[in-house]
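Below: one structure in structure tokens.
Each chain gets a letter, A, B, C and D, in the order it is written, and its residues are counted from 1.
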């Protein structure tokens, strides 16, 4: 039989989060409590400010993306909030919301910028964190995160590494703007977050958006039906 | 075919959340951004402080409850973060995490305290928001939320109503301590939140806890197996 | 701590399903094994034939409905088969695939046909199992299930009851054709299946369809994005 | 905007499954309809018999495994059948139910038996489809599937390949019994099923078991709580 042990929290009268009494956690800002829960220690004031910016940057992004479509479609099938919000989170796979984690992984690896660029070019894959469909010059959200991290004295080696990757591409005549996923990945890596929390970070940030969309969907009278076409023989 | 319209947010270069430019939302605290997203306006300073307390109060609660067990069990089956976190959220049905919403619903209804108590006694059902397995006198988390709401001048008619329900029970010799769900339900109702967001609020608050547990589970070597027993003929 | 006991099956060397050795279950047709598992006994030859028809009738139904859209959208987000198929099943709420269960419930209740019709008319709700968007005269799938059940000598009191409900509506000048959900609900009730298995029956029948759609989606190059429109201020 | 096209099925009056009128599909056995849906053609009589055995072999397997625990735990949280059954399916990741697909993949690859064994030994990984905790000599379910496939004249090159892999291990003094996943993987590969349907096949077979367990859980009075232990500082 399995043992259910954890170093994260306890319940009941003496409930704690990472050793801190839950009653004290209730006096913390939500973002700080998230940091404590996932990092095992409280953030500094600067870390807290930057972390709030990162979370708020991903809170929602319109109605047409896969996670919102999934959540609202499931809600329209006649379901409860938990079922529909979970369906939205399910869609956050490697192709939608997974870039932060993949970018954190390469930034936290031993591969040099040069090796990384060689490998991605050889494998003909898109590198996570660089490149944007709309912006040629600069992604304003990426810039905001980076400049905050510099002002707050929190930009370090990993912000440096993603810029080196960018320069390696530029040396080979490939101009790639840094996108918001890349900025978050670099900054969170400098803040010493485990790359395996990259997708979790995005899920935490986006769940409020999914809840908002499911709530809005509750007032829709019908269930969602797309015009499907049968193209078999 | 279905139309995908929303009043919540847009994406792309001019992305907004409830009319506010996403770039400005990035300067907001995460809890304030959640409030904006779900209420359609920014919170006052007092509302923000109380809302942070409410979110932080529910962030995690040990390893043995259904949502944590589901999330970690699914992760142990060899899955990714989004799949496992979603499985945890699925378990947040009416019997686990649903009390806030049910309590908001009765507080926001036209039923009087007396009618509510009569109905629950007649139907022999447990009333959500009142009663606690451990505390006879006072639930410290409920007290903290209530006293903060009073200090901040935010306690109103709904906090009054839940106390009246409590007194109605007391008049019939049934002593019920107010629990944390009841305190949150009363306060969020006074803050004019739609009761249909009650469960969503809990999901937002608890998702960081589920992410933390899935992350911890990643280091477990085996999948979770319980000792099952066949008791058929 | 919870005890994990079951009357359904055991694992290991002497594995059984409802008391039958798993090795023998392997010699049963899949539909018969499903019947054994859910009813606790083997079906007769006639029951088996009718049950196969019912399961096959719901196996898939085009690409535009909520469950298929959810499953394929989640797959397009970069996920595995289990995650995407589950997202499809999540969408099978009360408004999509729930009619069989609701219809079984009223057929298995003590309410008479007259009382049922009175109640639905008073509550201004659509009755499950009757009514069709396309067919005015007859739903060919409903007819096939009903006539098979009659040929096989399996139509009983509940098939009679749904016809009485239909006549009660006709007496009030409301012509409602019996749809496939109604036919399945009546027949499964005559076969003495618990109404709480109604939705489960539909899930079992439709899962192959969801798997087929997720498999087809694996060859789609991009993720699913709908044209969303922001209509906020 | 995305186009919803499919070669699988259509809905409405002229509904088809892979070109076959749905009304005719209703006269097919459920397992045959599943085969048609996923393979695009009807099975032969021999293929049908073997396919029924394979599906029935995986229909359920006790109460303690991750998928059953997830499904029942979510149901105990106060949810509907679709939500709970989906939670069970979510747990069917690479470590639980994923061996069929992984084994099909290597059997369908160009790697020779010798290369496969070399690679698994070098990577120090367990090979899917071979090895069993309980049986030293023979897994009776694997034997049944293999001998049926031989009697029915359906065993081919892939059954041969898995036996060669087994012999390669034996040559290196590693005795590994073929397990039920390996037998299913070899036979389904000889039946020319795409390996990417391996997990889907298991999901289809196991969904009835999950539905049965969720149904049984409906009669449990309380929600599932495990004894968790906090082992943080």
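What we mean here is this: a residue touches a chain if its C-beta (ideal position, glycine included) is under 8 Å from a C-beta of that chain, and two chains touch if they have at least 3 such contacts.
Note that the structure is predicted; figures quoted are calculated from it, not measured.
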Graph distance between chain B and chain D, where chains that touch are linked
1
Shared touching chains for chain A and chain B?
C, D
Taking each chain's centre as the mean of its CA atoms, chain C sits from chain D at a distance in Å of 23
When centres are defined as mean Cα positions, the distance from chain A to chain D in whole Å is 33
Averaging C-alpha coordinates per chain, one finds the centres of chain A and chain C separated by a number of Å equal to 38
Could you list which residues of chain A touch at least two other chains?
4-11, 62-65, 69, 79-80, 82-83, 86-87, 90-94, 97, 224-230
Quick one: which bits of chain D touch chain C in the complex? Just the residue numbers, please.
1-2, 4-13, 15, 17, 22-23, 25-31, 33-34, 37-38, 51-53, 55-57, 59-65, 69, 80-83, 85-87, 89-94, 97, 101, 134-135, 140-141, 144-145, 194, 196-197, 199-201, 203-205, 207-209, 211-216, 218, 224-227
Could you pull out which chain C residues touch chain A in their complex?
62-70, 73-74, 76-79, 83-84, 86-87, 90-98, 223-230
Which of the residues in chain B come into contact with chain C in the complex?
3-11, 16, 18-19, 79-80, 82-83, 90, 226-233
